[in-house]
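Which chain is which? They are A, B, C, D and E, in the order written, and residues in each are numbered from 1.
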């Protein structure tokens, strides 16, 4: 029932507690440095757990903070990186619950952090839907940048999710005295949520890399279409240019040029050549 | 023999039963929320199983519903999402069988749901055959959209199949008292069906991603062909344009222009240049 | 010593035997339906094995049939799909051997079926050699179709080989009374053959997907070459067209046009521009 | 407490020690040859460990040296390849610590070497950031060379990191008398660092191969844009060239040519054709 | 101490020995047929090992032969495919060592064969270096052929190396009486060499497939550059052609044509249009 909810900046208190409960120096170092992987480590008489709450940065991008937990018999220490407001609200909500045991408090925080990944995943899914449409109907270069950034985000998100799932897998099978076995199905539930999240990320990554392939195909297709247009243009223009250049030559003796119907003859010749060329190209399925 | 076949909307009854048979709150929550993964979970005195029947939506696309099953000693509870008419028919057919034990009923439902994946897989296979033909002989941009959608469907289908197979793998090895060991070979049979389905999906995904590669190659090929046509056109037209432009210059002193056979000389010159150019290009295999 | 060699169409006999030897209904169903995966299943007192002999269809493509085997103590039942003539010859050859025990007969059939994959693999290898050459020296669109079909064949072949290998792995470690342990090294030998076949298929698939990549590169290369030809053509033609157009203008006051050497001046100018342009392009390595 | 810190060139001493402590000839050979994999091998009464410190070569590229360690009960032998100055500083710093036991010395060296990978990883990360920007906004061919070299570096780095991690995994679970079990959490800490490094490398490789795909898409996009420009140019120029060639023909009987407003008619005709062409192309979304 | 060093063609002797030492008929068959995988098989009282020495064929390509070894208690039989001269030298060198036991002889041969892979790997590495340079600076179609052949070689080499490594893994853990446990570290050493070789092959394959990607990008890049050149050429030529065609029209009433400075006006107009076009293209970053 002894919950010490510390924030970044309260290192002095943390060191005191480390002293009282004989916390391992490496674990204290992890709290101080931040930027840890999500993990669970067995201390001699306690569990040390690093969770990675997600929060939105000022520039709209998503980042992960550190939330460190020590659970021993009779005490719970949480050490929280500043910046994650939603998490703060979560912690306060849990703190108002008087009747909760230490491991129930921990479960609620874990569950809350895992739930906080859902809106992030949803936002990414929507982005992919938009990308898919654009890739097919309006492939522009700035789409490539979006795909690249999203890819980066998925790589990072996947790492956090996998590590947290491994941690939950350990929790739902743990047999030490610190965690009540009655909580196992609850941890299993969190584990299942994380598995589903990871599957969603995998699916999204797959779709994203598919989107890039389709972008390339889409652009190749457009180039092909532009080529065809150019070829058709040339097919139409070149015969008339050639024909009229010929009749523009300054030879004294030229056929048709002194006849009134000469111009019509020339026009018909030119148009016939164009018509024949277009027919050939159509017939060979070249344009 | 005590089968409670509930539908979405009968939550009150579900809660009553949960109370009577001490069903775990997390399992009840799964029934209520829907959108679960296919899974099998051990309750204290019962098995909780989520199956994913497939059904066709109004817009012709395929979706997966939830079908939740609780099997305990002496009772069977099924909870069904509304919308899956075929499944309804299946359940009714099984209900008419008076002599079936609870686990036999469950096997029949499971088998029926797994069989319902077959027409979906067949429809996808046909789509791939069509795509293959189009990709080779008529690569159009809307093909990309079809490939993309199909890819998405396969990702989802594969997930459901894998999870259901894992669940069957558990059933065919289970040693608790709830399921009669005589059913093991039957579950193994379902397991084999699912394995074959998964292999079909894998094969289809492989073919689909191959189709995209071939689409790209096909388009590149057509661009190349269009380029060649344009080059041949230019090879034919440019010499005659150049020649006739030259004889169109207003110089006082020009060769051939005062001779009757001048025009023929010019024509022969122009055609010779074209012929030489085409020969060179053919010889170097450039066109 | 009691070998019942049944063919498709002798279902009545099969059902009689099923009754006599208490064969599992699911296994009988597998025999009747066909299209099974290669597999080994433990019945209560017998082994049920599905093998996949390969045969050539009328249209020259390769297909797999079903060959079902039941081995119990004192009896052997084989059930054969019609259409595989080579297999028929194999079975007859084995039948003439009077002195063979049931498990020896089974080994010979298994070995014969696995050997029958060799010519198929060889035919595919040759096809790949042809594709490799064509892809490099004559990349045509119909090559894509060949690659696609071959890819499909490899996917299927690989599936059959893997399943048969797994089955052999089981046989060479089996410790039940039905198969003589003296046969273990023989099954291991078949296992090794199958492993080598699978490696060949993997190698072929790798080469095939490499061939597609190279096809794309090859086509891109040709497009580049065609582009260069077009650019060189334009570089040569455009200056002369431009120059002669200029001297074809109807201005009263034009330089050079009244001089006898004017035409030569114009020609030299035009050729010089072309020469300079070509030099620049060569120097910048653009063509 | 008996630490023999040898450098490359002190082979005679090494052989003496090998004789005294009965070191395995293969291990001595590994020290002499260099270019070993990072590894841990159990000698009869000692551990032989090869570490791979990183150092920067004269041409700015990164290379790996060999650092060989023998830990026995009561003695520590380190054999160091010359060239790694930073490592020298590290070793000296550790040597000044009088109170350290052999295994603590070893841990400090291991930790120092693993920490020395961080600046290398950071430098690579920055390079990837630069590449990403260039690939999107300024795709030049020399970028390909950078990507290629970086890819090579990652392959090598990954190999060293994986091997060192495997080695640490062994250390943190080792149960022989040579390493104090109190060091296990410290080795686990190094193991975690290495895992994080490997994840960073994997992530970087993923991003790099994504960068290459995007480079290709980017170039394809630019080609498409250039094609469109060429097509638009042709669309604008060809009608006016064709029209004016027609009115340049030397027919006696031509419409408009004797009228004062004829030139305007011709100009309007030419511009109208261009306008219609451009409209069609825009409408069909071809340019 | 009883070493029977047989060559291909001494089958009669082999059959005699098979009879004397009760060698398994399948092993004898393997010797006779050749083309085996590298493998180790336990006979009842001996080990049967197939090694794959590498040799250079007459056409400069690399091929693998078979070298079969039977080690029993008190005898060693080696059966060697003709064609591998280097191996012959190795065997003779080992034969001159009188004092070696059978398992030491075997170790030396194994070590010699594994060492013989090194020059092959080195030759391939050099080829890749050459390919990398060419792919970046001079992407020609015949490079594709080289890449394809090298890819094939790596696939085969990898297979031999992996199988030989698996075989060594077995040897270094074997606990039967035939191989002296003192040799275990030596076999482990060979195992490490092979692991390093396999890593080199993997790294090379990775680089090779990267080279192909870069080839494609390189060619796409060149096509883009050629396109730009063509566009610039057209941008420069088309305005002057159009302008001069206009002033070449035979209208009676044309502006400027009767003035002395008319030609200059026309030239300035034409050059201005070109200048404006080039500026626009530069500004929009299209060329």
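Assume a residue touches a chain if its C-beta (ideal position, glycine included) is under 8 Å from a C-beta of that chain, and two chains touch if they have at least 3 such contacts.
All values reported here derive from a predicted model rather than from experimental measurement.
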{"item": "Labels of chains that are neighbours to subunit A and to subunit E", "value": "D"}
{"item": "Chain labels contacting subunit D and also subunit E", "value": "none"}
{"item": "C-alpha-based rotation, subunit C on subunit D, 0 to 180 degrees, nearest 5", "value": "145"}
{"item": "Averaged-CA centre spacing for the pair subunit B and subunit A, given as whole angstrom", "value": "22"}
{"item": "Chain centre separation in whole Å, for subunit D relative to subunit B (CA means)", "value": "36"}
{"item": "Two or more partner chains touched - positions in subunit A", "value": "216, 220, 223, 227, 230, 234, 241, 245, 248-250, 254"}
{"item": "Chain order around the ring, beginning at subunit D and proceeding next to subunit E", "value": "D, E, C, B, A"}
{"item": "Contact set on subunit A toward subunit B in their complex", "value": "132, 136, 185-186, 188-189, 192, 195-196, 199, 203, 206-207, 210-211, 213-214, 216-218, 220-221, 223-224, 227-228, 230-231, 234-235, 238-239, 241-242, 245-246, 248-255, 277, 281, 286-287"}
{"item": "For the subunit C and subunit B complex, residues of the former touching the latter", "value": "24, 26, 37, 39, 41, 139, 141, 144-145, 147-148, 151-152, 155-156, 159, 212, 215-216, 219-220, 222-223, 225-227, 229-230, 233-234, 237, 240-241, 244-245, 247-250, 254, 256-260, 262-263, 266"}
